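In what follows, chain A forms one complex with chain B and a second complex with chain C.
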Partner chain A sequence: MKDLSVIETILRNRYHFFVEIREGIGLPEKMRAMLISSIAFLALYGAVMGSTHSLWQALSSAVKLPVLFLATLIVCSPTLYFFNVLFGSNQSLTQNIALILTAITVTAVLLLSFAPISMFFLLTTSHYQFFKLLNVAIFAVAGGAGVLFLSQGMRVVSASGVEGAGARHMVLRLWILVYAFVGSQVAWTLRPFIGAPSMRFELFRQLGGNFYTNIIASIGEILGFVVVR
Partner chain B sequence: MRDQPSSPPPSTAERILDLLLEALQERQAARQASPERPAAPSGPGPQPALPPSPAAEPGAAPLASGPGGETPPAPEPVRQPPVPEVKPLRGLRPGEAGWTPPPRLPGINLGRTMGRLLLVLAVLTVLVNIPINRYGTSLARIMPDSAALVIRDGLVLKGSGPEIYVLEDDKLRWISSLDAFEFYGYRWEQVHVVEDSFLEDFERGKPIHVLLKCLSSPHIYALENGRKRWIKDIPTFEAEGYVWEDVKMVDCGYLRRLPDGLPIPQDAGPPPQP
Partner chain C sequence: MPDPDIEQLLARIQAHLSLDREIEHDLLEEIRSHLEDAAAAAQAQGSDKTAALAETAAHFGLEEAGAELQGVHAGWGTADAVIAAGLPVLCALALRWLVFTPNGTALGWQQVLVRPAFWVVALAALLVPLLKFERWRYALVSWGFFWMMTIVFALGSAVRW
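Take a look at the complex of A and B:
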């Protein structure tokens, strides 16, 4: 419960939180609290998503959703760090990771807040494509809010290094695109999270296709243009 | 008054006052001529101080002294140009020099609220996953499947009748017996109950039979609708598309107890018993 109090600091006193990251105050404690909170929230949302298929899928998604975000963090954080250093930043890698963890925590909190809605649709509709697109939309909203926090945090944390601030801002924007792209590909690799009702439970599906064509096909099916096979 | 010779010489007090007036006027002129200082208010009432900007200088010019620094004439009502709208200064944005974070907001026990929400959602998630009927279906999966199916090979479907089909190459293949269903490894939880109209959208393919054979007999039978159909010979077996992996070994007594159906081909003659 103590670790969850970091949520209040992030949501209500975010600038103080960012300033403390800039000053390097209590970074390990902050990162641990954010990590625990994020894992708990993401695991629960994963379980809600997977419940539409089977108990095994619920358990599997509860493990895979935190892994998805942490894997994306591990894959993407060195890029942000080294590009920031290239353009004059004096932040440490730990500070960068703390900022990205802040974004992940905000995303996880918002996902948890969407969990009742997701559960409501889980109980009242069984249209797989609709449920999938609903979750994609929820993830887009929560992820967007998360990277907005990251952007604000990066502005505060990099205040002391004025030189190259414009370039670093551009780097951050490009990095957010890369982050979204890597995240969607990791999600595709770790799928299924919901589990098509006509298919057996599988921990991982065979590779092939990609996230974007699948989403377009799902939209096409909902609109009645195609049948996903 | 001092220029009139007929007038009496000014008194000491008047001279002191004149000197004081001149000193004040010089001081005022010097202040208005200075670019760093804002213009002095000209009206009697208080006026807001303008920020130091080029726009403030034209308003101050009429009050300035002449180029030579001589004493200006008696003050006249100054016609001021319209004061441009003063835009408020943009606040410092986070990260800019001089920015300080806003005051801390008081705590609202959000951590405890999040903990409770987490707990409630965890309990709900467990509840919706608990099987609630004799088929082991939970609340989360109790809605009918027909709108949720992803059409693919291997999809097992059942309409309102007892027949069970499997979808292969966009064709529905009827699974002709329980033996065949079990022999091919299908499970009841794979069966999706759909509307009959959904089944009618698909072409019918070859039925799926299981082939039965017992150890002490060379004959092979196809099980269909609970009857055994004798397959006349190997060429017929192969012509029907069967392979040896389709053959299930069973007890000879069980095989003998099954009633005979039409042989394959139908003109093969009376079927031998195993």
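Take a look at the complex of A and C:
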């Protein structure tokens, strides 16, 4: 229950939560709770995504979705830390990671809230491209809300070091773009999460292509312009 | 007519709470009844009501009580929402992959009832929420959802996932 109370604090009393991160109060406990909640919620959503294909795909996606977010966190957090330090921030790496984990937790909670909707469409439609684009839209909304939280949190946490605040804000904006770009590439590398119905189960597909051309092709198929093989 | 002294004490406790409106209201109502009893008892003994309330508040430790209540009840509102979103999904996935046929149909559903996996999932749907969260409400919702999904799949043999 304590793990869930962190989520309640983030959602209801975020300013207080960010102030505690700024002061370094209970960081290990907070990070542990956020990590546990995020992994559980992302695993459940991953299982829903993979359930269109097979049991193995469901299990594999349940593992891969938390890995996707954690890998992106590991890859991107040093960049944010060093650029913040460069522009006068006095935050520690742990505080930076706690803030990014807050964004991931918010994303994970929102994905959980979308899970029944995703399940509903899973039961009522068999169109693979539609289900894939639906999930891309859900991830865009949940991820967008997550980085919005990160932006708010960064503003509160870095309030103690006013010097270079404007530059740090710009760094954060650029970092969010990098985070989204890295995240989509990690997702592409770890694919499949849903699993094309015409293909057998594979833990990972061969490298090649990219996330964006695949999404454009899916939109093209839904609109009737092309057929994706 | 609310007593302004009691309202003031309740406001001090409320300042430490950041819970669901419903839970917060229930807690404050319970504390209000304790404070009213204390005030009534003091008045019956001929003591000053305000002094009695102040004594009760000091004995109670309002700030500490508020923080303690926040610690005990924090997370239940989120737990309700998480259960509402996650449990039906989890039950549906368990039914799909543990109970029904590999191709996702309910054909030959009568055989489902003699499968141990079916009863394991049924029991888990009832007991896991009950033991984990100690709330019958969760267990009954989960149990109800489990049987609803089972009946939907069993009656609609054309249903396929």
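As a convention for this text, the second predicted complex is superposed on the first by the 229 of 229 C-alpha atoms of A that agree within 3 Å, B and C clash if a C-alpha of one lies under 4 Å from a C-alpha of the other, contacts with A are read in each partner's own complex, and residues count from 1 in each chain.
As a convention for this text, a residue touches a chain if its C-beta (ideal position, glycine included) is under 8 Å from a C-beta of that chain, and two chains touch if they have at least 3 such contacts.
Just so you know, these numbers come straight off a predicted model, no measurement behind them.
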*Fit-or-clash call for chain B and chain C when the two complexes are aligned on chain A*: clash
*Using the superposition on chain A described above, determine whether A:Glu8 touches chain B (first), chain C (second), both, or neither.*
both
*So, does A:Tyr128 touch the first partner chain B, the second partner chain C, both, or neither?*
first
*asked:* One more residue to check, A:Ser151. First (chain B), second (chain C), both or neither?
replied: neither
_Contacts of A:Gln185 with chain B and chain C, given as first, second, both or neither_ = neither
*Examine A:Leu55 and indicate which partner it touches, taking first as chain B and second as chain C; both and neither are also allowed.*
both
*Scan A:Leu44 for contacts with chain B and chain C and give back first, second, both or neither.*
both
*State whether A:Leu112 touches chain B only (first), chain C only (second), both chains, or neither.*
both
_Tell me the contact category for A:Thr94 with respect to chain B and chain C: first, second, both or neither._
neither
*Looking at chain A, which partner touches more of its residues: chain C or chain B?*
B
*asked:* Out of 114-122, 150-158 or 222-230, where does chain B collide with chain C after the chain A superposition?
replied: 114-122
*Once the complexes are superposed, what residues of chain A are shared between the chain B interface and the chain C interface?*
1-2, 4-8, 11-13, 16, 41, 44, 47-48, 51, 55, 58, 112-113, 115-116, 119, 122-123
*In their shared complex, at which residues does chain A touch chain C?*
1-9, 11-13, 16, 41, 44, 47-48, 51, 55, 58, 112-113, 115-116, 119, 122-123
*Would you mind writing out the residues of chain A in touch with chain B in their complex?*
1-2, 4-8, 11-13, 15-16, 18-19, 37, 40-41, 44, 47-48, 51-55, 58, 109, 112-113, 115-116, 119, 122-128, 152, 155-156, 158-159, 162, 165, 196-200, 227-229
*asked:* Quick check on the complex: what are the chain B residues that touch chain A?
replied: 93-97, 99, 101-102, 104-105, 107-112, 114-115, 117-118, 121-122, 124-125, 128-129, 138-141, 143-145, 147-152, 155, 190, 192
*Which positions of chain C touch chain A when the two form their complex?*
18-19, 74-79, 81-82, 85-86, 88-90, 92-93, 96-97, 161
